[in-house]
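What follows is a pair of complexes built around chain A, which joins chain B in one and chain C in the other.
And now, the complex of A and B:
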């Protein structure tokens, strides 16, 4: 029982970290960035290259990964989202194609086989018979820290409030003197950087492989749908619902079914309450 | 939108050309390998057309099209392999079951639109992918899938005739259907659903027809595909890369045109094939994806639209 609680908390923290970047983009532009999973992958591989191949310190490697993710976010915004402005379907499909292109690029650069990422913080602590690696503990703490920071940023700073203004009403925000383009750039850059950091933790939790972008994308999609847009607290709560559901299903029913209930949850929420559990009604 | 004699003549030419093509194999102009490539292109064209009817027109983007294809493929595979049902019965049953799947996919479309609908279809695909491996693996073959499924054809030439006939007939049928008022109404839903409803048309019924047609084509394609390959594996089928190939074929060719997806499927399959000697490794997919991205970003209407605009420009230059 305690074991489930611990495992659930750890996994949920990781999921919150993964989903937050995706939620930001979706809240601000109602755009599904299907290349978000690629940001995680780029982050993971950048960290792998700099930290494990070149051997620079781990924290510096994490910073380089964040910069790479930020750059990727900015490029996707400038080259794809800005060019196709207005057409959501076109943006979704272009980012899906981009995700496959990035996958091909990763195969080209690093090969097809999966790679093991050494834990960012090595070590294990035993809590009532459950092994808790410091690594996933760090991921959970990072997830909470990022969400708390973001919550504060959006509520208290000028730029953050401009972000939520843009997410509520683009025209109204523009009339009030906010430059939507600038806010969008900041959001995409931030989302890419957060995605890359999440990717490093996710990769050290599972492993690096050219197809690793699909699973985090689906988790992000689940969180954003069930939580609804425009709610950071909702993201945290839903990450815990999904995380705990997976852990409980794995422990009590069958490990192979862990994803099934998440999918059922997505489908049910979308059909019964399309605005999500914590989101604003606007559909 | 009217059907013109010119169009029918082009379809006739296309079908005649397709049916005469295997004669060239004997003369050695094209190899059996090329024929096999065309078979894959034919199946991709069927899937892309199915996607086009469901999503290309109505704007209800399906990211989970393998959900439908998989239902068709698995139904006939299980019926023939495990219950020894004859193919003559199993394929129609598979198509019917796929249409039920289409109705299931239709339920969320009653309430949600746009990006949300795209996501729920993705969830459907993942759901089936995971269920297939767990529920009754003795029937579905679990993670490893099934092999030794009855094949309908022997060799490349027979496979080519079957797949081409299926593709061309289905294409012609859908094309004709989309030339009617039904097709116009479906396109209008893609542009502005509320105003279609405001014009007094029953959009729910129209969407249901689109979903049923899409599911019909997907089930037919999936069933024949599995009887061509002789095997089925969940990882290859319910894969986001497979979704990518289908959607890109439909869009590169030109969505909402039926002929576009056929063209797109052939273009992409041959692009991949002709890049093989030049770039044998993973670079191929990079170039392939890059070309797809550029064409799509340059003209979301696809090659069909590019061709149309180009012809229009030539005509203007000829008689200004």
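And now, the complex of A and C:
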């Protein structure tokens, strides 16, 4: 039982880190960015190339990955979202196509076989008989720190409040002197950077592969649908619901079904409470 | 040259034309009123001045053209706007709504907060309340307060009395007069309630179907039968 609690907490922290960037885009820009999983993949492979192949220090590798994710986010916003502004279906289809294109590019550059990404922080600590890697512990702490930081940023800074304002009322934001495009650029850049960092932790928890963008995207979509238009606290709570559910399914039912239950949860929420469990237009 | 000048303004929503050749002029420190029935184009005119609607024609503030400027720049130049539907941030507190208004006027936050709290003491008492839980009158106060936080020289107020009890309308009227006199603020009010506009404004423009039907001093228009016609037809 204690092992389930520990594993649940660790996995949930990682899921919160994975989902937060996607939730930001959905809350502020009202866009389902289906290329979000690619930000994680770009982050993972960038870190792999710089830290594991070229041998630069791990933290520097993580920073380069974040910059790559940020640039990808900015490019997606400028080239797809702004160009197709107002046409949500076209944006969703285009971002999904982009994810497939990025996957093909990764196959060309790195091959189609999976790769092991060494942990950022190697080592294991034993907690009540359960082995906890420092890496997943760092991912959990990073997830909590990012959410706490974002919570503070949104409430205590002018730009953060502007992000929140844009998410609630575009006209109200505009007549307050806020440039929604600038706020969206910041949001997309930040989302890409957070996605890339999450991708490094996710890839070192699982493995690097050209199809690794799918699972994080499903987790992120599940967090948004189950949580509703994403509040930060809602993101954290739903990441824990999904994380614990997967750990319990793995331990007590069948490991093969862990993803299936997440899908079923999405369908149940869509039928019973389409606005999500914490659905209100807030960041 | 007027402080605010609108010349031959036309506005479009897609292919539909909403305003037809509107021209008006305001002196600095003046209160002017745009009156007309529902759908006459009052809110569209306000939105045009704020750069929120596609327009043709000229709008100038203190001699400088506002043509093609983004709304954020128009706010920076000194135009504040309290729109008809308030457009507040419903899940933010009163204080945070006001602070968002200070986005382009960060150096004036404390001074402007003092002004807002002086005009609307209730907002200071309820600064931690979410605006989604407030009454219409309180939201109107937050809306006006947020506009004041932008440090405006010209304030646009759209339908400030809509849905408010007569006593609250009087309070809002008093506040607008105080803003004009104590803060030397130029104010343009769009109102369906012609009596309210006539009471405050020096100059009135009567809008009908996107055109200015009559204009003149409030004193002249008070008993003008054409004012009634603009509301109820010929």
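Methods note: the second predicted complex is superposed on the first by the 279 of 283 C-alpha atoms of A that agree within 3 Å, B and C clash if a C-alpha of one lies under 4 Å from a C-alpha of the other, contacts with A are read in each partner's own complex, and residues count from 1 in each chain.
In the analysis below, a residue touches a chain if its C-beta (ideal position, glycine included) is under 8 Å from a C-beta of that chain, and two chains touch if they have at least 3 such contacts.
Since we're looking at a predicted model, the values are computed, not measured.
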item: Combined model on chain A: chain C and chain B, fit or clash; value: fit
item: Chain B versus chain C as contact partner of A:90, first or second or both or neither; value: first
item: Which superposed partner A:263 touches (first chain B, second chain C, both, neither); value: first
item: Chain B versus chain C as contact partner of A:175, first or second or both or neither; value: second
item: Touching partner for A:1 - first (chain B), second (chain C), both, neither; value: neither
item: First, second, both or neither for A:161, with chain B first and chain C second; value: second
item: Chain A residues touched - chain C or chain B, whichever exceeds; value: B
item: Chain B versus chain C as contact partner of A:98, first or second or both or neither; value: first
item: Minimum C-alpha spacing, chains overlaid - chain B and chain C, in Å; value: 16
item: Sites on chain A touched by chain C in the complex; value: 155, 158, 161-162, 164-165, 168-169, 171-179, 280-282
item: Parts of chain C lying in touch with chain A, wherever the complex brings them together; value: 50, 52, 70-72, 75-76, 80-81, 83, 86-92, 96, 99-106, 146-147, 149-150
item: Touch list for chain A against partner chain B, complex; value: 30-32, 80, 83-84, 87-90, 92-94, 96-98, 100-101, 103-105, 107-108, 112, 214, 218, 221-222, 225, 254, 256-257, 259-260, 263-264, 266-267, 270-271, 274, 283
item: Contacting residues of chain B [partner chain A, same complex]; value: 59, 61, 63, 107-108, 111-116, 118-120, 122-124, 126-127, 130-131, 133-134, 240-241, 243-244, 247-248, 251, 281-283, 285-286, 288-290, 292-293, 296-297, 300
